[in-house]
Amino acid sequence: MSDLPRFGAGLWHFASYLDRYATDGYAPAVTTLEQIARAGEVEDLSVVDVPYPFTEGVTVDQVKQALADHGLEAIGVTPEIYMRKYRMGAFTNPDEALRKEAIAFLNEAADVVRALGATYLKVWPGQDGWDYPFQVSHAEQWRLAVDGMRELAQANPDIKIVIEYKPREPRNKMFWDSAAKTALGIKEMGVDNVGVLLDFGHALYGGESPAAAAQLLIDQGLLWGMDVNDNLRGWDDDMVVGTVHPVEVFEFFYTLKINNWEGVWQLDQFPFREDTVEAANLSIRFLKGLHRALDELDIDALREAQSRQDALAAQKLVQDVLFTCLRSDA
Amino acid sequence: MSDLPRFGAGLWHFASYLDRYATDGYAPAVTTLEQIARAGEVEDLSVVDVPYPFTEGVTVDQVKQALADHGLEAIGVTPEIYMRKYRMGAFTNPDEALRKEAIAFLNEAADVVRALGATYLKVWPGQDGWDYPFQVSHAEQWRLAVDGMRELAQANPDIKIVIEYKPREPRNKMFWDSAAKTALGIKEMGVDNVGVLLDFGHALYGGESPAAAAQLLIDQGLLWGMDVNDNLRGWDDDMVVGTVHPVEVFEFFYTLKINNWEGVWQLDQFPFREDTVEAANLSIRFLKGLHRALDELDIDALREAQSRQDALAAQKLVQDVLFTCLRSDA
Amino acid sequence: MSDLPRFGAGLWHFASYLDRYATDGYAPAVTTLEQIARAGEVEDLSVVDVPYPFTEGVTVDQVKQALADHGLEAIGVTPEIYMRKYRMGAFTNPDEALRKEAIAFLNEAADVVRALGATYLKVWPGQDGWDYPFQVSHAEQWRLAVDGMRELAQANPDIKIVIEYKPREPRNKMFWDSAAKTALGIKEMGVDNVGVLLDFGHALYGGESPAAAAQLLIDQGLLWGMDVNDNLRGWDDDMVVGTVHPVEVFEFFYTLKINNWEGVWQLDQFPFREDTVEAANLSIRFLKGLHRALDELDIDALREAQSRQDALAAQKLVQDVLFTCLRSDA
Amino acid sequence: MSDLPRFGAGLWHFASYLDRYATDGYAPAVTTLEQIARAGEVEDLSVVDVPYPFTEGVTVDQVKQALADHGLEAIGVTPEIYMRKYRMGAFTNPDEALRKEAIAFLNEAADVVRALGATYLKVWPGQDGWDYPFQVSHAEQWRLAVDGMRELAQANPDIKIVIEYKPREPRNKMFWDSAAKTALGIKEMGVDNVGVLLDFGHALYGGESPAAAAQLLIDQGLLWGMDVNDNLRGWDDDMVVGTVHPVEVFEFFYTLKINNWEGVWQLDQFPFREDTVEAANLSIRFLKGLHRALDELDIDALREAQSRQDALAAQKLVQDVLFTCLRSDA
């Protein structure tokens, strides 16, 4: 049996959440350090992606120590460029002063990446986009989005930056909305330290095949990170991975395997009403099942079926290992 | 020209909002009384739907006075049964004690309806539903949802109750999710003081034709209130009415007209990043345009085209009046 | 282990197909008798739903004999009321003469039900609906759809009629589009020989939970037949069951089981580019896996988890049996 | 007032259609020459996109003559690489021999472009893609799709080739599915005679903003053709333009105007149940209204509103001209 991958999670997986209705939050607030402690309770979790800024008063050193105390490492840092201040965008904000502040803040976050020894700065410009027809100049948005990211990359040549694309929410349409558009934009930047973090759920509800999106990014040399979760295909529900679309999750990991992609298998879930630690445990239990299924899959036979586009033969091979992957006799 | 309808709005139209990302809110908080003041600034606004409870410390009498001061009346009261406490549901909460508390709170809200002289108690059980496959017993949900609403209705025979259905959000699936399901449930209640508030946007993104849903509810004697707004058809974006789907909004109001439905034309919009008063003004300007278009529409000719399912003839008649409805020469 | 259910399929599963692009068809035409022969090749297939009219020249007696020869029975008859003649609708066609012809043809199909000893007449009014805003009078469509079905039912009191609802295709919107709307319409008919055939895929891409739709129909006493298949949740792709949404298919069959629903597990798939017999075999292999999983599922524990809306506990119980259901050691 | 654009249509607009249900077709078959005659009846139609092969027995010379007789020119030629033979794909067919035949056939179609003096060869590889998870190697599909198109382009350096992308149908997922992916693939081809034909409806139901997609392609130098129509945003309904989404159509044409894009305004509609000539006339009537609205739009004011992302101000300016564009007093 092949070695297990390292498992990770966005630290927000262990936070509490609110939305436009339950404005008092689905659970009491959880500080950065408490989130780390919870992450430490998850079996098999090795790394976390850390939002920045931390809870007020918490220092980088405290975070570093807490991670060490709980046997965790930081894989990434996610600057929160989607709060009120940046509600009209960070990179594409119509106000030049705010765009500059956003870049300054992102540079500060890059220092946190250095301090924590993380692998990447994750940039998710959640408020960059538009809501209404005719609201923005699309030409201008492209220019600002691409130029701003290039500027950030050139200011931090020692840091890997990954863009996480998403079709929508919180803006009705987000600028970086698909694998192909993100790859196209990165090419235009002409830098070599910007790549992509593919979120399985974002690809799924955006109408992509997550496996095809992963392959495209791998072929472009840009798949530098990933998140998994699940949804009902119409929204970024950030549900527990495998609870709705196990077949497509499996195809996603199959694609990573045949390309020898060996990064962290990471969770980006929002357990609004669930126990956050249990949600992670259930996820990792399933991911281990998938890992076993990949070990058992007859990949040569599958490739042969694919060479004929024989969907039935391919599915049979897949079902043989997927629908046995949690048996206890192994 | 026929008389203009009365225009209304959910009072939350004039609030500020937050979501799971911009947890600090898209704008500073706005109190109930401030919201009323803003509503009063809107040209042509006559009534509001008032969320309950009010901002802490605000009394019913203060609300009553503020409404009077700004020339407004309360059309409805909307109890907030979608906060943390009811995150697993109000009527269908698995905890019997919480279900009882929900009913008690709803009865309290019914008293506010009486105190404000409002037309209806609007019940939107936003947290009643489910998120995951296998999470709930669907038979039990139906029983609790129907029995609870009947109990509420029977405890308040002098009050009209309207259920606002919605496909999803904040639960991944909501229990009262369509016009037909709501009508079916109301019939099973066997009471005569429960009807439906149809939200145009909810019908649209739920895959209904809002006009067909309105006709169905009218034919069942259940269309007791309505809200309009707009969206991109995949989510409840609560955008300004007419900015995306003017044709289907027009068909919706046409349906009301030919059925002599003469209630309030009401806004349910969430202007996250916009000026809330301006958003209402722009909406009503458009609705007045639709009202003029309805006056000018050759309804006999349209009916004749429909009697042949002649889509082209019907659309031509519609376009003639819709795409001229904001001309200034009237 | 509990007894296996009877498996069935729409006979069209073994036909060839065309669409608006491949107008020459994805495969050579297959006659009714050839379709029966193919159905006979499927392991474990007991019943078929037979479209009517048959291929030109084929008689009811020939069909009867062919079914017997291949060890099959007819569960239903599906009259083709969606060809050119009825392109504007069968029950709701604007032309009264065509409505009468449709009813006459349906009565003829009812005779085929009698002749074949089938369980039901399946009515799928694929062309009843509308395409454009403003194209039809929704009030008139309801009246014609409900009255026509009542007339058919009353003319055939000895025959069970099942309506198969579907959100759209071939019309952009179909009249019978959801479980609740169909139940509401049937109630208004005031007859006792009209029920519903629930197609899993139609429910899924219509935004329903198929399990919740099944429960609703069972509670209304109306779930008289069902079809399974799969799709990508945006269209009626009629793919092989379990290839995309195994979890929700499992919840659907779980719902049938706990309600002691003991009808046929039936396929409605369109293997455009696949071997039709192999597609059925793969489907039934998976359905047998689900049957085993249902036998092994700890239903008491699941009900207990559901009584708390504990999604994680419920999913864990489900995954335990679903992701082991094809193991060979049984 | 600015000059009117030239209007065009796919010649299939004037054909008859069938689908998987109405296999006898929605209307009697219409030959290539009859389609041209119908196109000639449309007011203001100047050019057509001609499918190839023509109806059996019809020659290129006959087509040329018929076009001339009806005052039409060919803007493009659309080879039918989506019939049974290519049901598993043209460029990405798993059978090398079929791929070669496809290229040979496309070269033949390029000769028809030359013979008709058309502007481009339109390539829409409708069957290139996949239906099931795990059915294909996504890496291999990319390689075959890109290499095949490059080969075609290099074999016809004197011909402009436009790829029409589409999210799905007839395959459940199509390979060329978005503006960005198509642009990315074209860049990899390294040729200068391949561009994009943007179909408004494809962009819309694929979740793109058609205006943003147009701007992206213009900025990449690749927007060489376009089609308009409308749909309900979930499928390629190919409805009459403006009947559902007039605002977004207007934003699309606004984008073309501010970029000085001066090509043909072309229809790609499938009037299944409508009079095909009337459908075109109604479309062009609306497009002329949009053209007038563009003339009247205060573009400087709109740009200023966009520079602040002021959605309300932008919409107000747009509504001022859109909802007056069909007034008769001009």
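Residue numbering begins at 1 within each chain, and the chains themselves are lettered A, B, C and D in the order written.
Everything below uses one rule, namely that a contact is a pair of C-beta atoms (placed from the backbone, for glycine too) under 8 Å apart; a residue touches a chain by one contact, two chains touch by 3 or more.
Keep in mind it's a predicted model, so treat the numbers as computed, not measured.
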| item | value |
| --- | --- |
| Chain pair with more C-beta contacts, A-D versus A-C | A-D |
| Candidate from B-D, B-C or A-B with the same interface as C-D, over half of contact pairs in common | A-B |
| Centre distance in Å when chain A and chain D are each reduced to the mean of their C-alpha atoms | 35 |
| Between chain C and chain A, distance of the C-alpha-averaged centres to the nearest whole Å | 39 |
| Shared-contact residues (touching 2 or more other chains) in chain A | 88, 131-133, 173, 207, 232, 234, 240, 243-244, 247-248, 273, 309, 311, 315 |
| Chain A contact footprint on chain D (complex, rising order) | 88-89, 94, 130-142, 167, 173, 177-181, 183-184, 187, 206-207, 209, 211-212, 215-216, 219-220, 247-248, 250-251, 254-255, 259, 302-303, 306-311, 314-315, 318 |
| Residue numbers on chain B that touch chain D, as the complex places them | 207, 232-234, 240, 242-248, 273-275, 278-279, 282, 285-286, 289, 309, 311-312, 315-316, 319-320, 322-329 |
| Residue ranges of chain D touching chain C (in the complex, touch as defined) | 17-27, 82-84, 87-88, 126-127, 131-133, 168-170, 172-173, 232, 234-235, 237, 239-240, 243-244, 270, 272-273 |
